[in-house]
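Following: one structure in structure tokens, then a few remarks.
Chain IDs A, B, C and D follow the sequence of writing; residue 1 opens each chain.
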């Protein structure tokens, strides 16, 4: 199978030029001016942008949480991802308390096999790490699961104490894994939540009120310091606000390996969403909550300045009708999470590139190249270069669409960006040399996505 | 009983002038030029400095710790304090785990009664605070014990988790108490200590190595943030290093009530003390440990700039012969603490005033006035002013002495400053209108010190 | 002549207590409880605050500027000052270009002699300093004029280049003088003014638009750096905004002697004053201009934190009717300056103490004690202490008044605070032992104010 | 003419992969796996690095300064550059005082024509800019000279005042030029130099002593602020120290277009060079001077963090024998400048990549890609991409050489790095499709370098 893409406007994280691309089997074979080649399929890409397929390193498919399970599984979720120009994900497996990490990994392998439409890897969420289970971390690394996530929030549930975090960081410093932290000060939040409920403040908007930015910034600061002492890299998931960003920013001058991602909802929405009538605010109940309007400016600036390196989706879909509604009487019972795996590219392009806050090179970088490098998929994934996997998005920078739950492909009954007009659409998406999205239809085969065994930090 | 002090060079936290002082009964009655008065005793203070008696808000007398008890009790400790120009202390009572705070307070009242040579108050160390014990905090406030101390270090012993700290801060925001924090990240330190011991690093110097400045700075930062969310003042005890100071400094611009004390050993000694031969380093095993030479500069600068407001001693004496020696095989078993209640004034004067780092007004401020204000003893204590308690030090700025365990009055067999030559000596010390130190002798009566019922934060 | 002030509530920069004060001749003789003394005059001060007379180190009386002369001379200006609780000023003499400093000083001595109602000193404004005139600076110091002011603004007029500033700082490092800087980047402002006028923007509000905070902050930063290299102290006059304050604040941690004053108009007014109809905005045309509302918070915070040490008035009165009106066609022709010598104390008390931003001790400090210390008038001036000059204000903290040009004593036809309701009034003002203000009347004799020969920086 | 480069290890600013490159005429025609093509010349690059030819945006060839002329002209200088892997330079034309910019540009065109071995562009140094000459700036932009340099140092020579700088920045904000600043506070330095000479301190080392880092940092801060008010981008040449870097770093968060370059001598040497015996220190007399050892760490860190974007050489060669020696009696008479155009790549590779401070992508970025982008030569220059100029370096990462004046190709009798062992050597250098360096010999033709008409800032 070969594809010849003609005269596309190619963007990498650093470069921009017009050329032809020849794909053979699963790889990019050649790039050139007026390439002469016989290909099974030729695509005229004149006037279109060619970018590497996206890497989304933060998704929760088929994920058990708060007594329910996320509504997108590996089939629906990865197809939706493909529609949005994403050709690889790194999803979260979660340790069962008291069980070995490999037992949990096995469960996740089964969830994904035969279903995934695009390639996928796993992080492992650690909830319980007595000293005798420390070797489990090394085993995960050998299995290609080279990143661990720990929660500084949710006491009584997945939260671990600082001893566990610090020990994991110390181990990661040795075995080359990357520790990912959910940074919120769980204890303060818990007291604030109890106080709010005791005062009768049960509406969705109190979810945001009881998780002020300082609780995220504090945990971010603490995580950075623990990583410094451990001599380990650290990666903050879903950074949402200026205060936490400032902690990352200050640290990066003196501490070499501090990384953070943000998400499209933090870049695009503000906390007025919680002021909507009735229970509508529940749609936006995710952690951290959506912040102030001005935090958006700080986050875009952070992306531009490389204080934030990645934009992921934290896709964690719960249906509004029968899942979010579990919290009608108390915001504390609303399953935390929101869908978005399909909308990342258009939101980044519209909010970032069209508005002049970042350029296309930077979009490619945070959407694909840096996630691939940080999570050890590069150079196989993450760029348009000869020899790499042919994960390619042909993107029309001019086509406008309206985001809506009626038309999206995620298996969830609402969209956080309902009615938003966005510019720029993936027209063709190629995964390992096969066209899987074309003319608005899924043209692939679930199960063609492979598990990505990832490497370790250099 | 009346005393007329003639022509002393009077220093307050702001002023400096030469005048006569008339003391009647326990109070300062008048200050004037050539006061005409018939007094029981007249002291010629020409050429001497007159300063308010010191307030030492951090002492551990008769304190049970690490399976032993500090060697100075309320008699020996307060007499030593008086020799050093200190006329009030605030000592630490400690909650017995599982018991009410009032039970513990009762024990401490008994320890002090009939023994104290100078006035005293108590802080209460909280180790265990289920929700149903929160009203105990209010009771303490009513008893005049208006400050609580919590430990962020020593997991498995006195350390409390962030939930306890945050709840105490929230309660203090309501009842006007002041929360004092021992800021070190206990979990990181614990892992580092275990690792050091596992590697066979048991000598006293590893005490310092396993408690790096970043562990103190992190905890300081965290305490500041919890106080901010709680809307409560916070006071950091024994701040030892530039990194922690920077946290305090940055916060004080935006957060009104962040306070910190340092101690003479952090201002005067550096971590070369741990490099001495044999077990000598154990004499300096206190928490936080003694830091780098250049940290001293930062601390003096912090005192000058008012980023540090108080100099206390953290007097916590253990005999070298039979108490410190418990840790000969492992630095982790050395009782943490060091003596110093007697040396504060001379060290501050020599290291600070003589060397030009602070002036006499600032010395008075950190030695007496601000501790009196912060711990709600002012204006009864803390200055030389008409109407206040006659707690007065007549200080010879020129007399030089050599510090030594052979001549000091603390009940402990070593002195951290052994052999150090200092300038400036308290010659006469007056406590509530009575001369208790004169001509190098204790002239008072143990038990004359009264319990100081303290007020709340304004 | 003796005065006995009974039971006043005395405030110094550090202390607060109730006592009697005995004044004899020009000095405070004694302070005590129930002082028994025969005095020529006894004042019952129960319930009143007793504070030291204010020191205003920034006034322009009888000052030639922009082709006119300020409307208050040494008689009217100092009487107005006394009504406001100020008992000493340091006014600005200005070098005549091409003339020696002593010639200019002579002129100012003549302006003040026989007219001043309170004591006064001089700074010298240097406009022209070839190398051969450097010894003039030393001569001024010998004459007790121990501070020099230089302008970084007004190119073509009083502005000097950085070479002159740096050379003056180097000389001051040797002779103990204090260099005061008017910090605004004159060149940028000049270009902006020309551009505004070219665009037809001639109204008073463009005065503020063409002097943005960054122009003040830049000059402040530059002045601090030049002082650092010279090894000299530096004092910034009329600091007006958060950005400049931040420069001072950051520098004070590493550079020992950086000082700054702000003024009541920056603490109290915001730039909406320039939006008034017609030419009203001209009343507020002073340099720097009045800033944003939120700058006020930063300045009060700076006062509280001691990043600002002094509040002066920068009293520089021009009549609205026939002086300000010179700029009806162009804001650039409005004489820069505004009156305020009389209103400092009430504004500080109302805006600072009543609203809880600073306490009374801090008010005394910035109003009197620190100006006295910095400009070398202490301990003769600047506090309530035995042996000092009896410059005393008896202040009623509860009396409310309304500020108005109809009732003020300044010789100018408007008041920036017209109609503002303030709390706290000086009831009796004593200057060197004589009552000069009582029952709302001036009871002194012009000419009784003496020249204050000031000392050098320690 | 075509060249096929086989199996090179290609690095761009973002990517790294192994492929073949086909060059036809002056351009890169194709990149692919096992490219099949008939080429005039085939180069086996297996095991070699392929990087884009360097852009050196800071050179002084045939440059009149301090009464002499730099020893490298456009022929010798550009050949030496080519040996060092540099295929484009942007050199400095300098305005003759009182003359138009176009007159000066004409002179420089003549200096370069027929001599340059590689492509070249010009910046214009502005020394004299009355309002009526402002349109000259626009003319330069039309001529493709789209960057201006101004000096904040050298009063009485090329220094301009802040009015000139600010007006140039304002004009550049309109016409899209980039203003480059030499940031040192000339007035302070001048006073310090005079004082040093007056004290008899005439040796080369006083060159460094009289230009302390704070003088550079201050000017950097000032330039940033002027650019902010003007709304213009700004580029700081030869940033040398941590203090100046911090100014750039802080500004880049809030000010979008602040750029700075550093040079290999600041990254590699420290001020101990000035302590050498005799007059040796004169070899290192350049401005700013070489700084402390620890400044190097800050600069490398700044490169890594993208607070510094470019490494240029500031090549400004004066012979030691008869040019530097003009300052034997006074360091102030030593011509300021040092050679280095040939050594940039090896020094960056050895000091940065081999030691792990930056990676190869970052080397390519600061050596070629970002200079090309900032100075508007991209995408024609600055990367390895299809369609771009075939300016290619085949670099052997393992070959070690010793830097020496005996073997270098610069026309100057010393080398700052004499005897330094470096790793990594350009083996083949291709300029616009022609091999100009091969097997250690120059294989090109002087005059084949073309003038590069550059574009404006976006």
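The rule is short, and it goes like this: a contact is a pair of C-beta atoms (placed from the backbone, for glycine too) under 8 Å apart; a residue touches a chain by one contact, two chains touch by 3 or more.
No experiment lies behind these values; they were computed from the predicted model shown.
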item	value
Third chains touching both chain D and chain C	none
Equivalent interface positions on chain A and chain D, same or different at half	same
Between chain C and chain A, distance of the C-alpha-averaged centres to the nearest whole Å	58
Where chain B and chain C are represented by their mean Cα positions, the distance between them in whole Å	40
Chain B, residues touching no fewer than two other chains	none
Chain C - residues contacting chain D, complex	155, 161-163, 166-167, 170, 185, 187-188, 190-192, 212, 214-215, 217-218, 221-222, 225-226, 228-229
Residues of chain D defined as touching chain A within the complex	12-19, 22, 27, 29-33, 35, 249, 252-253, 256, 301, 304-306, 361, 365, 369, 379, 383, 385-388
